[in-house]
Amino acid sequence: MPHAVSFQKVSRHFGSVRAVDAVDLEVEPGEFFAMLGPSGSGKTTCLRLIAGFEQPTSGHIEIFGETAEGVPPYRRNVNTVFQDYALFPHLNVADNVAYGLMIRGVGGTERLREAEAALEMVKLPGYGARKPGELSGGQRQRVALARALVNKPKVLLLDEPLGALDLKLREQMQDELRLLQKSLGITFVFVTHDQGEALSMADRIAVFNHGRIMQTGTPEEIYRRPKTRFVADFVGSSNVLSPALTQRLGGPAEWASLRPEDIRLSTEGAEAVVTATSFLGSATRVTLDLAGEKLTVLHPAGAPVPAPGAKVRIAWDKAALHLMGPEA
Amino acid sequence: MSASALKATAILPGRGGIGGALSDAFWRKPTLLLFVLLTPPLLWLGIIYLGSLFALLVQSFFSIDEFSGLVVREFTLKTYGELLRPANLDIIVRTLTMAALVTIASAILAFPIAYFAARYAKGRWKAVFYLGVMLPLWSSYLVKVYAWKLILAKEGILTWIFDKLHLTVLIDSWLALPVVGGNSLSVSPTGTFLVFVYVWLPFMILPVQAALERVPSNLLEASADLGAAPRQTFLNVLLPLALPGIIAGSIFTFSLTLGDYIIPQIVGTSHLYIGMAVYAHQGTAGNIPLAAAFTVVPVVIMGIYLWLAKRAGAFDAL
Amino acid sequence: MRSDRHTRAPLRLKIAAGIGLAFLHLPILLIFLYAFTTEEKSYQFPPPGLTLKWFAVTWNRPDVWEALGLSVRVASISTVVALTLGTLCAAAISQTRFFGREAISLLVILPIALPGIITGISLRSAFNLAEIPFSFWTIVLGHATFCVVVVYNNAVARFRRMSGSLIEASMDLGADGFQTFRHVILPNIGTALLAGGMLAFALSFDEVIVTTFTAGQQATLPIWMLEELVRPRQRPVTNVVAMVVVLVTFLPILAAYYLTRDGDQISGQGK
């Protein structure tokens, strides 16, 4: 079985800017794949390369084993949920959802029936007669999703689809998207800058920076075993220890990452000074100064919290210290 | 059913036909699409229009044979030299003075309307003000000129109003003045000036309003809060911020006055303006080179004016 | 003290703004009164009496009908040409980035930014040089040239408001370039084009300066009026024609306003 999406040494340059720089990428069929990275890291350009809105400067792209370069978006069986939803303002919700079917020549009654079914799937039954302008942000997002899914694409691309929603709605949509993807079995490629979203939703994640993929792996791998300082810092804001500090703490002279929740305040171990504390509800974040380097600790709620200026000792399980090599 | 059969592949076949091929080609080479889009307008505007302008410019470097009245197609600056004759210089100075006065008067009249529309008119009143400026702007130029011929006529409404107010002596003494006066208002420079201001005023109001709408009202409150009297706020805050709009509007009033030949012909004296001179030279006199040289004058003046306006940042308010 | 000043200033402003608006509108209203006057030899005010007979007289004047017919035909064809050229230009400018966009915007605005007399005499001398006889088509050529800008301005404003991803969304859903134009672009810019077309029609219908240079022996309605203004012969007929012209040009302007009022404004860079 071919990969759902495969990039081979794909680059996209805009003048002298290398938006995507020799990227190799494989997305498996039926997978929920997240492309994670800060803005300008090349993840959205990769999505646009799959959709066909951009053409690669060099390299080779395949979608389900078929060459995609030189194929315009309207000939790719791939659909996109846009960041701003891009609903057609002159059409009502039903006609928006039925647009792809209408273009393919599906008859009026049949396409409206399919559109209504798609609207039911995104929990907006009976909304067909409304105009996009009369909907809330969350509803528009669902319409955009229905409009893409009604075409039964081989790959569904989602460009920061939850970015404009408020926190509660976002969490609810995360669960729904995940369920929808599993039940339809369609490959989802999802672009986000929110590491929490990527960790909670995706089967696999590719972390982007400066037009390159820094690491690809399951959420667990990315979180527990970051390969580079960037990944460690960007995913879950880990403590990144310099080789000198790692060595001082009894490890080899290598870069290392240490998760804040893996550190505990103890009676023995390295000595550090508390510089600040902030209450987060489920825990307290304690910022420490350890031999001139900053370190954060997630201190469980309920336990007594040291005051700023206090001297504390810290400890962790040996396995928690993740080594990334001397040149990470 | 055919739809689901198509669904088997990730890449769909092309639609075929000329449309499909063209559409694919436009996607692959966006510059091709750009070329197709731009060719017709560029052919029309770039070749026909710019070509005509250029041909006119070339002709201004020809001259006319004084005996045969035929155009001599040889390069010469003689025709431009003729512009410097006192009679022709007079025309240029008269037109420039009129354009400047019209611009200043329009700015003064436009400001309160634009300011009120930008800051105080809300909802329905905003629409009223907008249409109140748009309708006169777009309504027939000749009809507007004609209306003033009715107003300024010796037997017209203005004379009647002054007569009822027993102020006829005011008009008479104004008309007795040199330079601005004349037999009646409809054949005096004053009349020409009034019509010019009336016809071009909307062109000043719109850009000034656009500029004022961009002034945040809390800026004015801040100025008042800092102890500035309304006059000081106006001079130190509002006017500088509205200036780009006024300059943008003045581009219209100035340029339109420079090129007009109908208003001074219908409401005015026998003294010529640039537009009338161009018209006369190309028409009855058949002196195309001199007419062409005359048209270069407003172009050069507007070029300088636009350059200065650009430096003052007036184009953001257009 | 301070609040005192605040309430007084707008009142003075209100009066000044009101006088300004009255100054803009009263002269046009005066035209309506004169259309009914019984006086036919002068512009006497107040009119000695009111009558409807000049409407009948005007109705039976073949020269007025001929001029009106020519104006309508010229304006219609010029509008069609301007719609085509203006839309193409606006699409090119808004949908792509390329070197020289500024120059093209300038080129479109130039025929209206330069005094009409320059456009007129340039075209006239170019026709003379190329030995093209004056005809219906030379008038259209001149009118279409300066009408492009109003269509262009309206279309560019609407393109700017249209989310760029709409076109991508359409292509993503399987529509090729032509289907996207028909199903997405045209419905979204349609009212702006209609508004631009109406303004172009009004602009062409009313134009006199360029027309005097490109018309030869034919008289459009404004040319007919201009002759009456220079040498008044039938004042009452002219009064009626002026009133009708005002009414006829107001309709497309009002329509254009209502078509574009949410968001972009009709560009004021007319004439």
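Lettered A, B and C in written order, each chain numbered from 1.
The working rule: a contact is a pair of C-beta atoms (placed from the backbone, for glycine too) under 8 Å apart; a residue touches a chain by one contact, two chains touch by 3 or more.
In this text the structure is predicted, and so the values were computed from the model without any measurement.
The pair with more inter-chain C-beta contacts, choosing from A-C and B-C, is B-C.
Taking the mean of C-alpha positions as each chain's centre, the chain lying farthest from the centre of chain B is A. Chain centres here are Cα means. That of chain A falls 55 Å from that of chain B. For this pair, chain A with chain C, the centres built from the Cα atoms lie 53 Å apart. Centroid to centroid, with C-alpha atoms defining each point, chain B and chain C lie 14 Å apart.
Each of residues 12, 23-24, 27 in chain B touches at least two other chains. Within chain C, the positions touching two or more other chains are listed as 171, 174, 176. In chain A, the residues that touch at least two other chains are 72-74, 78, 104. The touching residues of chain C, when paired with chain B in their complex, are 2, 5-6, 9-10, 13-14, 16-17, 20-21, 23-25, 27-28, 30-31, 34, 42-46, 81, 84-86, 88-89, 91-92, 96, 98, 104, 107-108, 110-111, 113-119, 121-126, 128-129, 141, 144-145, 148, 171, 174, 176-178, 199, 202-203, 206, 208-209, 212, 222, 225-226, 229-230, 238, 242, 245-246, 249-250, 253-254, 257, 261, 265-266, 268-271. Those residues of chain B that touch chain C in the complex are listed here as 12, 15, 19-20, 22-24, 26-27, 30-31, 33-34, 37-38, 40-42, 44-46, 48-53, 55-56, 59, 109-110, 112-113, 115-117, 120, 127, 129-151, 153, 155-157, 159-160, 198, 201-203, 205-207, 224, 229-230, 251-252, 255-256, 258-262, 265-266, 275, 278-279, 282, 288, 291-292, 295, 298-299, 302, 318.
Contact residues of chain B toward chain A in the complex are 3-4, 6-7, 9-14, 23-24, 27-28.
Within the complex formed with chain B, the chain A residues making contact are 55, 63-68, 70-78, 101, 104, 106, 152, 154-155.
For chain A in complex with chain C, the residues that touch the partner chain are 51-53, 72-74, 78-80, 82-84, 86-91, 99-100, 102-104, 147-148, 151.
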